[in-house]
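Everything below concerns the one structure shown next.
The first chain written gets the first letter, and so on, giving A, B and C; residue counts start at 1 in each chain.
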Amino acid sequence: QSNVTLYGRVDLSVGNLKDKVKNTSTTQMFQGGEGGLTTSRWGLRGTEDLGGGLKAAFKLENRFNADTGASQDPYFKGESSLSLMGGFGEVKLGRSTTVYDDVRALGQSRDVFDSAFTASSNGVFKSGGDYTSRFDNKISYYSPNMNGFYAGIDYALDEDATKSADQYALKVGYKVKDFEVALAHQNEKGKQDKYTVLAAMYDFGAASVSGSINQRNGNATNGDDTEYAFGVTVPMGAFAFSGGYAYSKTKSSAGGAKNGKGNGFALGMTYSLSKRTRLYAGWRDVEVKNAAGKKTKDERLYAVGVRHDF
Amino acid sequence: QSNVTLYGRVDLSVGNLKDKVKNTSTTQMFQGGEGGLTTSRWGLRGTEDLGGGLKAAFKLENRFNADTGASQDPYFKGESSLSLMGGFGEVKLGRSTTVYDDVRALGQSRDVFDSAFTASSNGVFKSGGDYTSRFDNKISYYSPNMNGFYAGIDYALDEDATKSADQYALKVGYKVKDFEVALAHQNEKGKQDKYTVLAAMYDFGAASVSGSINQRNGNATNGDDTEYAFGVTVPMGAFAFSGGYAYSKTKSSAGGAKNGKGNGFALGMTYSLSKRTRLYAGWRDVEVKNAAGKKTKDERLYAVGVRHDF
Amino acid sequence: QSNVTLYGRVDLSVGNLKDKVKNTSTTQMFQGGEGGLTTSRWGLRGTEDLGGGLKAAFKLENRFNADTGASQDPYFKGESSLSLMGGFGEVKLGRSTTVYDDVRALGQSRDVFDSAFTASSNGVFKSGGDYTSRFDNKISYYSPNMNGFYAGIDYALDEDATKSADQYALKVGYKVKDFEVALAHQNEKGKQDKYTVLAAMYDFGAASVSGSINQRNGNATNGDDTEYAFGVTVPMGAFAFSGGYAYSKTKSSAGGAKNGKGNGFALGMTYSLSKRTRLYAGWRDVEVKNAAGKKTKDERLYAVGVRHDF
């Protein structure tokens, strides 16, 4: 079968989630996305050489909860796309991650693996909870690499005859050897929020670090967020150790009463049994306070698990 | 993996749908079936040689909306079947297209690709909107080709102990070289409608033409339809140009008041980048009037897209 | 694609289900699980050699109704698991059959194929209707074979902070050449029922027999069941003939009024067209009486079908 590659990942862990506000503690099997490295998935992908430097490519990726066997919704939640690529870059149609999400991931790539253990997860970043990581009905253009520089744009059709709520995102970046920096902006007209992120990553060899500054600009009611994340990963043979910290502050112009704060701390370790299979352990502690200084969230997660790629 | 073939198609287009009755115009990404060549799909199929000229075959085909990644319902909407084949022909069990649908497709095969751009689409043919293209719980028998002649029969069980609403369809046809003609009938007891179609296709080389006459016989309330479709396709190197026209008239014996009319016009062009990948552009204009001569539908669709097979 | 195997089964049959209590008779196409050998399925599985005798393995199995193309729910209902295996045995995470279900299947393996034709199906065994064959969020350990002896344990997390309703199951067994015997227990805290089964199978060559004794211990309201099953299969060339009988009795301590009885009788025949494809015919007759001796179920099923593996 040369036209299509069947691939996937199963990620399962066992751990504990403690809610210090509600004072509950639950031992769980996590399906990856909620308490492990990554959400379990399977998919179909392929490329076709059309000659003259032109290629067609497709990707269809289902996400599922490996602990119960339930499919996430929509069916190809991860990606459902068709691309034409050449010297001009890539044009991609369908559903896939936005370029804003790409840059956001870059800023957290050393922050305990961009996983459920990411320090900014679960409410620390307000923008982490409410931005849209993937657009449907999306037309994207990604530039080729131009002496290290690259750019990308997403435009998603609202498909609504009664209002104008198209969404878009933009990114520009620079990548060379072990250093990458990028800036992105996302505008979701449907909800009048705008997101901007500046992120960078540097790999020293003995360690790699990444960081980002995110800004969400909302309206008078839901306020603005300013968010910071920093992470480091230290590889040691088959092991890798990671740590991350994230901090955010919400300001509201409506009476100044919504000045909430959030911060998160995370630690993780992976051990590679092979290129395709790794064991891991992770820890995440997050705390969110509202303007009155009252904790609205105080949560601690830890888990040990295994991830297998196919 | 010799026992199973993984295959599929991603079809995405961008265009505009104008509703002249409601006076709305919507720019959309279409998932194929609603405004492109064909509905996106992926499936599993295989055949096994059982010896003595006997074969077993199966086909499981999911349909999905490539613009959002959503699966259509039921899961294997396209087909879910198991067949035994031999010199006697083929016996197929499960869910698949009816033989009436096969003949209907023949009559529109040159009519802008039997696609969302088909002239008869979207209400021009009343029978296009309400006949069942696939039966569940179906037992089918397809004859072998006998000097060009062939026949097929579908019988679908209602599985209802309280009423008798089994459905069936029949076809007979003749195919030789570049000419094919077929006649089919479908009886859906559950709704007391009967459908009959006579269709033909001829390939001149420089052009191919197809046409059909459809007849839906309903009851006094929903009336009868008489429908005509005609299409032509002209290949020119990697390009193919198509045009189609469809006309229908509904007569109701209940006071003679439901003499509605519909007509549709369609144009399309494809450009093959490879055997598996083609670009296309299409146009469809449909208009439906009720007995009083009032337009109940007046719609114009155009789109440009890409289709990739794997 | 060496990392993943795509496999499946399509099982379809046509037959009749007669409900002698309601006095209805329905001719149906069965999707396998409801009136054929086995439920239709497709799945992904693979193993990876990690060196040092260690292996990783995964299995993702969808179940579907082949007669209509509908997926069963959850999506990977059959199995969704990740395992690490070695000399120590196997640790499996995720959703899969319980070890109690394994032993229950052993006891009915010669009883018309552990299928819809199984004598204990459809209410004869009360425990057949209400035990959970697969646990979600499950951690399992299966021992290696130790001079014929083996053991297994399942532990499934309730993931509920407000109550303690973890579930577990245990088995021990002995297998040598053509003989196997096993004992299992399952405790589903969520509903306060406990299940115990002792099952054995012996293959004489000319025939093989299997049998089991099941015990469900409930509470005063839903009572206890004692259940017996026996089955025999006789292979004759490409044919195999099977018969089975099952009997159960429910006792309730609440006034002693719930002493229901059930019994079932089943016959079946398979004919192998190849290793992957077989034709079959099956018959099942079940009868359940309540404490007053009134028939609450009196059902007869027969069907002929075909099963194809890929």
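A few notes on this one:
The rule is simple: a residue touches a chain if its C-beta (ideal position, glycine included) is under 8 Å from a C-beta of that chain, and two chains touch if they have at least 3 such contacts.
Note that the structure is a prediction, hence the values are computed from the model and not measured.
Taken as a graph of touching chains, this assembly is complete, with every chain in contact with every other. Mostly differing positions are employed by chain B and chain C in their mutual contact, as under half of the interface residue numbers are shared between these two copies. For the pair chain B and chain C, the distance between C-alpha centroids works out to 41 Å.
Within chain B, residues 1, 6 each touch two or more of the remaining chains. Only residues 1, 5-8, 10-12, 14, 19, 22, 24-29, 42, 64-71, 273-274, 276-277, 306, 308-310 of chain A touch chain C when the two sit together in their complex.
Note for the complex: chain C touches chain A at residues 1, 3-4, 6, 44, 46, 48, 50-51, 54, 56, 58, 60, 73-82, 84, 93-95, 136-139, 157, 159-162.
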